[in-house]
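Chain nomenclature is as follows: A, B and C, assigned in order of appearance, with residue numbering initiated at 1 for each chain independently.
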Amino acid sequence: MYSEHPVYLEDKLEEIRDSGRLRYRSKSMPTWCPGCGYYSMTEGVTWALNETGVRNEDVVIVSGIGCASRFPFFMKTYGFHTLHGRTLPVATGIKLANDKLTVIVVGGDGDGFAIGGGHIPHVARRNVDITYLLFDNGIYGLTKGQVSPTSAIGFTTPTSPFENHDQPLNPLMMLLSYGASWVGQAYAGQPDHLAEMIRAAIAHRGFSYLHILSPCVTFDKTDLTYHNLDLSVQDLPEDHDQTDRLAAIREATKVDRRSVGLYYVEERPTLSDSLDEIVVRAGGKAAQQAGAG
Amino acid sequence: MHRVIIGNGIAGSHAAAVLRERDPGSQITIISAGALLFYNRYELPDVFRGRCDWVDYLVYPPDYYQDNNIKLRRKSLVTEVNTGKRTLTLAHRELVSYDQLLVATGGSAYVPERLLDSIPLMHNFNNFRVAMTVRNALPDGGVVIMLGGDAMGLDLARTLIKTRHKVILIAGDRTFWPHGITLEDRPRYLRGLEKMHLQVIDEKQVDRIEQSNGKGPARRVVFSDGSDISGDVVMPFYGLTPSVDFMSHAGIDIERGILVDPQLQTTRNDIWAAGDVCQIWSPEHNAYRFYYGWKNVKMMGDVAARNMTGDDVSFTTTVDEALQIKADGTIYSPFWEHD
Amino acid sequence: MTSIHTDVQIGICGSAGDGTIAVGDILKRAMARAGYRVIAFDEYPAEIRGFGKCVARTRITTEPVYSMKSETDILVSLNDAHAIPHVAEVRDFGAVVYDLAPISMVDEGWHISGHLNPGQLPYGLAMREMSEQATGSSRSRNMVALGFIAGLYQLPRPAFIDAIVAKFQTKAAAVTESNVAAFNAGYDNGAGTYRFDKVEVGPPARRTRLQDSTMMTGNAAVVRGCLDAGIETFFGYPITPATSIMERLSVEMPKHGARLLQTEDEISAISATIGAGFAGARAATATSGPGFALMSEMMGLGVMAEVPAVVFVSQRGGPSTGMPTKTEQSDLNIAVFGGHGDARRIVLAPTNVEGCWRCAGRAFEMAEAYQTPVVVLLDLYLSNRYETVAFPKKNPFLRDMCKKPARDKGDATYRRFELTVDGVSPRAIPGEAHGIHTATGLEHNEFGRPNDLSDMHFQMTEKRHEKLNAALKHPDITIYKRFGDSGEVEVGLLAWGSTFGEALEAMLLARDEGIRCAAMKVVMLSPLPVKPIKRFLKDCKEVIVPELNYEGQFANLVSGTLGRSVIRLNRVTGKPMAVAEILDAIRSAAGKRKLRKSVA
């Protein structure tokens, strides 16, 4: 966008500093490719945390392996860069150890739905109070462009030179059927909406799953590009009932529409609530009460 | 070839040894109602001399059975023999098959019918366990009332007296059994017993036995004339009854004992009998008769085992069965002798 | 009579459903209640349904003992087909108790009475009939049999009645009544039975001292150690023989406000444990070989990111699914070396039930103090066997052992992985304002930022290794101990884990035979207490390393570290090693020396 008035770097930096959005940023410079959707996500997370006003030391960002793995290093919060596919159980452990922490898991489609796919149903059904930001670019970026579980049929990569023949997963449908209590989708090409969705996901008490569509600008020149996504991404219908799981699943089946927004939300006891109830039944002192006291 | 011996006394055990010697490859099983290995019952009076460990009475050490490949099945009571199928039924509901069978179950203490109700108040002496029971029931210098007084009882009486106990013998027609004593000779022999320091009560019939209440000896023997005597234990020694009940449907000839020919074969050619359980045909007496004592019984085990393994020998006795009176007036029975 | 040193081992063998383990349980609890020392180990079938074999073995003593005996004094058969192979375990003049009235006719050879060795004493008992008479049902045969041996050996009846009442307290009163009735019927019969065997049970010794002792399994002791150490989270996945740790913790942890979660797999269990450890909780998981293999990668993250965590590994027969209900010591390698990279960790292997408690408690201290995963290596035999244990009145386990960063320093200067003299860096946990950092599985610098420069990798690798040496001096835990003759000995036994008990018994027997010998137990397998082991080996003319694996994994560790050849005594039978086998090895090692001497 072209402006008639010149923008001076010094003014812009001051504006950013004043906005408080650097409060959650570390001094490390991100290492993603220029144009990568992770920049929108970083921006979204810092904005959302700023909105919540949570203390830096009460936030833990958990990453696995992939382009998201360095995410915690760019944040001025606690971070745990763990193993490929194991973010969700590690985050579960962190949350159960200290309910006061805001735990955010970041990861890609390979980390989440290939190697780590077995953990998702369980964290969803248990309703662990963490936020899972899944960054789906349909490709393995960090290892230089191999096929992923969400790659389209016909997608050609170094490990699928004769085209991908495997049906891509539908993560939204999976999460909805696993019993996740908050399921939404956003698009890195719409950073303001993305930031708002991240805020809402963090604010949700329970397991929130935000599916983020984002192009891999380096290794995917044909499929999930900004151009193609700009054409297909649209808002959920205005009359969509966010409390109707079946309606949400119906929307999730419309893969060509790529609707963004909140598909489904429900309020139900979290895993910590259930464990505290067990403690009370056993005659012990519950952690959340103990913590509050 | 599976040879099964029922009975773990002198006859059965000796037969097993001879069978093993004559046929090293065959399978031998001894079936015994008792819990112990073969031991010397003749030495049981020694419990009064302080020999109270059953191991000291063993004729063979435990290894003997393994070394000689003789299977000894203890605590196993034979309840039935099916001679058609050649199987035995054990009380614990197990079937055992045999090719040849030797019955050597011996006998149990005979008790006259009028005293059957008193059995719980009397003590036996025919195995180690009951011998120990008598020992434990009898205080130092205690009184044993012996009923009948067969040769085994008199043997025990000798030891009891030597170990400073008192023995009161209620004599009757089974006294000195199995020795046949004429009425004419009887007083002499009874005097012999008195010489041996037994107190003899003769010509009195026991009516019943009672548990005495309160202090003093534990038992009271009441005679038919109303008089009574007291003692610590009452022991019946009226001779033996052959243990043949389990053979009653086996289809072999039984009178009081199992009837066998001089080769100790029964009326079936795969079953033999030896020891106190059998009556042997004696051409000399023209009758079936019993032979008693360690020597005779051992000989029977030997003869049976030989004939089971193809020999053809007849049982003959070398024992002079007469009850002797020694120079000092005391008596001596050849049936007291043992190896 | 008080001078009798009671040492009686009772084996009860039956089919699943006969109540074998149940009466074994009552026996050991009653005897412990009566003031005896008890060691017990049960054998279960792998199958839950069907008619698999169960053997409940209990060793009852007045003096301290360290293992099960290889010979049984009294065998009770509740199922002859299962018990017949165990008759050979009964010693000469020992007793065999069996049912004299089986339900149906059996063919020749299928009744146990036909299988007794001549030296063993038979006790036939009409268990089924007696049970029916006493309770109207044949189901209490097991209680009749238990009562019989209790009566036969004049064991204290009230202790048994108490144990039976306690066992069935959650059931209807009629259940307790019929079990007591069956027990009493058996007891009276036993008391009236003449005993030919040579098994003697004297009165309990030093009764007063043992009164506050408890009887428990190795796994139960682990649980008590966890609770005493203040465990806060446990994540686990069921696997034999570790499951009972999780089951017991499920009941106990909520009482203390602590949290337990059954995860979807072992990877998740260790991941959550490391997550909770990172967040500052005293966290643990428990597993067996197959699960531990799955945990290897995450163990490496724990080492790299210097996260405290405690992992209980109860070994069973391997590899792969192996023999889930049989014991083995073949996971030493994976415990000490498992996983990729230079990933040294602390490995503790207790040798008895009391040690399970102590190692469990100290493992939490060590994990926190040295910022590392700690493996507590058990085995099925140790996990499942019962021992009477006396715990100290005061809980000895320390809290808050984490080295904290200085509060006055700002974030910019906080170095989570600071290179210090002892290698232990100040550690902040999420929620603490002064120590914000990111932990990572990547090689990193002192601030925790990814860094793969040569010097940095060397310094950090060295730090992660050398900091663990402090564990060798960790207070109030025996990480090695020598028993037997001091100074030079003919034969030395070097043993670890549950097999040490058998080794110690064998060594004591060998000393009785006049062989100069000693035994050393090694509890800390990593880092290995090299110096004391070296001193011990120097004293031994011959060294035997008995262990339940094929390759001699501990022998490899020791001879590889110390360059000393040892005599390997390896068994993979799925059963504890027989004391007699170790004794034979000692004799032949001692004999070999003598032979060499006489030739020279």
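By our rule, a contact is a pair of C-beta atoms (placed from the backbone, for glycine too) under 8 Å apart; a residue touches a chain by one contact, two chains touch by 3 or more.
Just so you know, these numbers come straight off a predicted model, no measurement behind them.
Enquirer: If each chain is a node and each touching pair an edge, is that a line, ring, star, complete or other?
Expert: Topology of the interface graph: linear, an open chain of contacts.
Enquirer: Hey, which chain ends up farthest from chain A, C-alpha centres compared?
Expert: For chain A, the chain whose C-alpha mean is farthest off is B.
Enquirer: Between chain B and chain C, tell me the centre distance in angstrom, where each centre is the average of that chain's C-alpha atoms.
Expert: 56
Enquirer: Once you find the CA centre of chain A and the CA centre of chain B, what distance in Å lies between them?
Expert: Between these chains, centre-to-centre, one finds 96 Å.
Enquirer: Measuring from the mean C-alpha position of chain A to the mean C-alpha position of chain C, what distance in angstrom results?
Expert: Using C-alpha averages as centres, the distance is 45 Å.
Enquirer: Specify, in ascending order, the residues of chain A that touch 2 or more different other chains.
Expert: Residue numbers touching two or more other chains: none in chain A.
Enquirer: What residues on chain C touch chain A, complex-wise?
Expert: Within the complex, chain C contacts chain A at residues 232-233, 235, 251, 254-261, 263-265, 267-269, 271-281, 283, 297-298, 301, 305, 411, 430-433, 435-442, 449-450.
Enquirer: Can you list the residues on chain A that touch chain C in the complex?
Expert: 28, 55-62, 70, 72-73, 75-83, 86, 88-94, 96-98, 100-101, 118-119, 121-122, 126, 271, 275, 278-279, 281-287, 290
Enquirer: In the complex, go through chain B and note every residue touching chain C.
Expert: 35-37, 54-55, 62-66, 71-76, 90-97, 129, 132-133
Enquirer: Inside the complex, what are the residues of chain C that reach chain B?
Expert: These residues of chain C touch chain B: 92-93, 99-102, 104-108, 110-111, 113-114, 116-119, 121-124, 194, 196.
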